[in-house]
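One chain, chain A, links the two complexes that follow: it is found with chain B in the first and with chain C in the second.
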Partner chain A sequence: MKIREVVIISGKGGTGKTTLTASLASVGGERKILADADVDAPNLALLLHPQETGRQPFFGMPIAEVDHERCTGCGICEKACRYNAIHVQDRKAVVDEGFCEGCRVCLHVCPEQCISLKTIERGTVRRGDTALGPLWHARLSPGGENTGLMVALLRKEARKEAEASGASLLITDGPPGIGCPVTSSVTGADFAVIVTEPSRSALSDLRRAAALCGILAVPFGIVINRWNLSEELTETIKETCGNEGWPVLGTIPFEEKIAEAVGAGRIPTEEMGEALPELWHGIQKTGRLKR
Partner chain B sequence: MIRIGVAASGKDETSQVADRFARAPFFIIADGEGKVIEAIQNDAGAEQHGAASRALMTLSQKKVSVLLVPRMGPNALGFIGQANMDAFCAEGMTVREALDKYKSSSLEKINK
Partner chain C sequence: MKIAVASGKGGTGKTSISASLLLARPNVLAIDLDVEEPNLNILLGGFEGHVMAVTMPIVRIEGRKCISCGKCSEACVYGAIAWLGGGIPVINESLCRGCGLCPRVCPPEAIYEVDHRVGEIRSGTCGGISFLEGRLQVGSVNTVRVIEETVKKAESFDETDWLMDCPPGTACPVAASLRHADMALLVTEPTPFGRSDLEGMLEMTADMRIPTALVINKTGMGEVLFDDLCRRFNVDTLASYPFSRSVAKSGALGESPFKTDAEWAKTTRYLWSEIERRFS
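Presenting the complex of A and B:
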């Protein structure tokens, strides 16, 4: 069976991607795999409470390492480094691992050829069982950041498990913004849900997220979360979507009980009421997820 | 003579076109007639960010000017413009099919 992959993105952060990801996962009856691609702030686990079944180290980009036996402390590498990540201390070059971007300039300029690259552990990729299905997520080491590589790895693992277990649906909680990790989470997905809210910045970022989906040829639809916080701006968003030909999949109201459920670590399935199954229906229809 | 680069999930022409461009496992290089010259492993997949620029650098060193890909991200599209490359959508087919369809001009051009 072909696996359908839905990714939830937003452009602007804080519009309710994770809450909506968990809530949508709780209404569909099909067997599913979940992935949290927002590795900078991985919070899907806060609602899904996974029982961890495995973890593996994630090795990021290699960074510079100096052989102090051979380093003469000449300082050529320090002058060449654009990231200010290597400094001579006590006549030896020392790499600041938090700043090194692994660009290899120091390797090329070092007259002693005593700098090499080493791979360091940047975090762990984890798998856990939840009531809604297996969850693939990750934790970064301090100073680490989410990357296109990390997202690609999580999606690959989730997809592999979906194929092996016969799950028909993969739901990915995407990162905010439209940068590298977002591109990496959207590319090749079957459908993108863009979560927006009635604010000027969310509308502006909605445009950017929609443009990204357009470039990657991933069909998408819009959810307006907390629509009742500004009925006027919700109208503006709906007008924009109408003018651009972007489908509005549904709207979710702001209600204190939803926020309270999330605050208590619960998925607000009941609190969202009828809006939620209607929204899932809209996603299935617009995203052609049913056959 | 143009050279074609196909983002591929495997090493030979029976493998599927990869589901992503910059982190595709392999690139298969063919001549303008669609005859496969070589398959290269794509080491850009190990890049944290901006895998596309690394992948395109490798491909341009191989004198590739036509790319057959699933789709491309915004950065990749910008780079191929500068490198005078063209990209065509070859999603959900084998490398052989992609090369044949390119030859019969039935693939959609992705860059403007």
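Presenting the complex of A and C:
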């Protein structure tokens, strides 16, 4: 059976991706796998409370390492590095591990041949069981490179489990922004849900997220969260969606009881009321997640 | 002094607090490094200035010089050069990271570089404040490149006091922004998500040895406390902004609460005095 994958993104951070991901997962009846692709600020586990069943270290691309015994501090590597990741300090080349992309230019240009590659642990990938299904989540080491690679690995593991276990749905909580980890989260998904809110910033970011989905050829729809914080801007967003031909999947109100539930580490399924099952139905229909 | 405003979690109010700090001290250079989603301009209002392209080199192969040796394909760690054992290799431009290795390994020097647009820098003023913004092109993944170029541009400005509105998260774009900072101001909110992501940020600024302080935004919205994190990382909370629907609403409409809310403006001035007292 083919697995359908829906990914929740937003452009702007803090619009409610994680809360919505957990809430949607709590209403759909089908067997599902969950993944938290916001690997440098992962929060889905704070609502799903997984019982950990496994963990594995994550290694990014091997990066450069300088043998300081042999380094003469000539600076040729520093000039060649396009990522500003190697600097001569006290007559020795020092690699800034947070910026090295492992391209090997420095290895190639070093006249002393004193640069080699080493693999470093960049974070941890975890699997846990939750009441809603297995959760794949990860934590990138702070300041780390290779977010896109980590997201790709996480999604691969989640899909593998879905295939092996016969789950029909994979719900992925995506990162904010439109960069490397977002591209890695959205590429190849069946449908993207873009969560926005009525603010000028969120609308600007919605446009960029929608354009990215267009470039990646992933169909998408819009959810307007906290719509009642500005009815005027909610109308503006709806108009924009109408003009652009972007489907509005549903709206969710701002309510203190929703924030309170999340504050207590609970999924606000009941607090969201009828809006939630209707929204899930809308996503299934527009995203053709059901056959 | 170069101040970086960061948060870990998105939506905690980095940009609102950055804009307020800038409106209170208009002689500080405003730099929006949240290049994937630059929104500082919306809260400062009215950008005037010019736009420059940010480019990065990507490679092309001059077919008539190519000897079909496959060395470029073998050298590329990003898998951006496909070679099937004969003929001219094919470059996948979206995977090329512009590292410059393949032109160096090509025996007949058949590989050359062309500039590829990955974003832009807006340079000028915003609401009368000196302003710089990096903006990643949609579809590009070269966030760090745009950040680095924006900071390089900032160095040509007269202002030596900077306020950098940083990206969310704790990955390389944030590290790229923080490495130019004299201090980090971390904006958090009293929710479990805010706290969890703040912890990642505190680990990062401790690793990078950047003097750090907290601002708690939206107090009253949750009951999460930060005292233990403050002790563990030896940082102080400099100011707290209460959650208010009217502040949220004016921010949503693109109006900085510094202009609309007297309490908010007062807290911002107090925050500046604390920053200066402790960090300058």
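The rule we apply is simple: the second predicted complex is superposed on the first by the 256 of 291 C-alpha atoms of A that agree within 3 Å, B and C clash if a C-alpha of one lies under 4 Å from a C-alpha of the other, contacts with A are read in each partner's own complex, and residues count from 1 in each chain.
One rule holds for everything that comes next: a contact is a pair of C-beta atoms (placed from the backbone, for glycine too) under 8 Å apart; a residue touches a chain by one contact, two chains touch by 3 or more.
Small disclaimer: the values here were computed from a predicted structure and weren't measured.
Colleague: When the two structures are superposed on chain A, do chain B and chain C clash or fit side by side?
Modeller: clash
Colleague: Name the chain, either chain B or chain C, that contacts more residues of chain A.
Modeller: The partner making contact with more of chain A's residues is C.
Colleague: Touching A:40 in the superposition: chain B (first), chain C (second), both, neither?
Modeller: second
Colleague: According to the stated criteria, A:60 is in contact with first (chain B), second (chain C), both, or neither; which is it?
Modeller: A:60 sits against chain B, while chain C stays out of touch.
Colleague: Which partner chains sit in contact with A:188 here, chain B, chain C, both or neither? Use first/second/both/neither.
Modeller: first
Colleague: Report for A:200: first if it touches chain B alone, second if chain C alone, otherwise both or neither.
Modeller: A:200: touches chain C, not chain B.
Colleague: After superposition on the shared chain, which partner residues are touched by A:147: those of chain B (first), chain C (second), both, or neither?
Modeller: both
Colleague: With the two structures laid over each other on chain A, which partner does A:212 touch: chain B (first), chain C (second), both, or neither?
Modeller: both
Colleague: Of the two partner chains, chain B (first) and chain C (second), which one does A:74 touch, if any: first, second, both, or neither?
Modeller: Once the two structures are laid over each other on A, A:74 reaches no partner at all.
Colleague: Taking the superposition as given, does A:14 touch the first partner, chain B, the second, chain C, both, or neither?
Modeller: The answer is second: A:14 touches chain C but not chain B.
Colleague: If you lay the two complexes on top of each other, which residues of chain A touch chain B in one and chain C in the other?
Modeller: 61, 147-148, 180, 183, 212, 215
Colleague: Which of the residues in chain A end up touching chain C in this complex?
Modeller: The contact residues of chain A facing chain C are 10-15, 18, 38-43, 46, 61, 80, 82-84, 98-99, 101-105, 108-109, 139-140, 142-145, 147-148, 175-183, 197-202, 204-205, 208, 211-212, 215, 229-230, 232-233, 259, 262-263, 265.
Colleague: Which stretch or stretches of chain A touch chain B in the complex?
Modeller: 60-61, 147-150, 152, 180, 183-184, 187-188, 212, 215-217
Colleague: Can you list the chain B residues touching chain A in their complex?
Modeller: Within the complex, chain B contacts chain A at residues 19-21, 23, 45-51, 70-75, 77, 89.
Colleague: In the complex formed with chain A, which residues of chain C make contact?
Modeller: Going by the criterion above, the answer is residues 8-12, 15, 36-37, 39, 42-43, 57, 75, 77-78, 97-101, 104-105, 136, 138-141, 143-144, 148, 167-176, 191-193, 196-197, 200-201, 203-204, 207-208, 221-224, 245, 248-249, 251-254.
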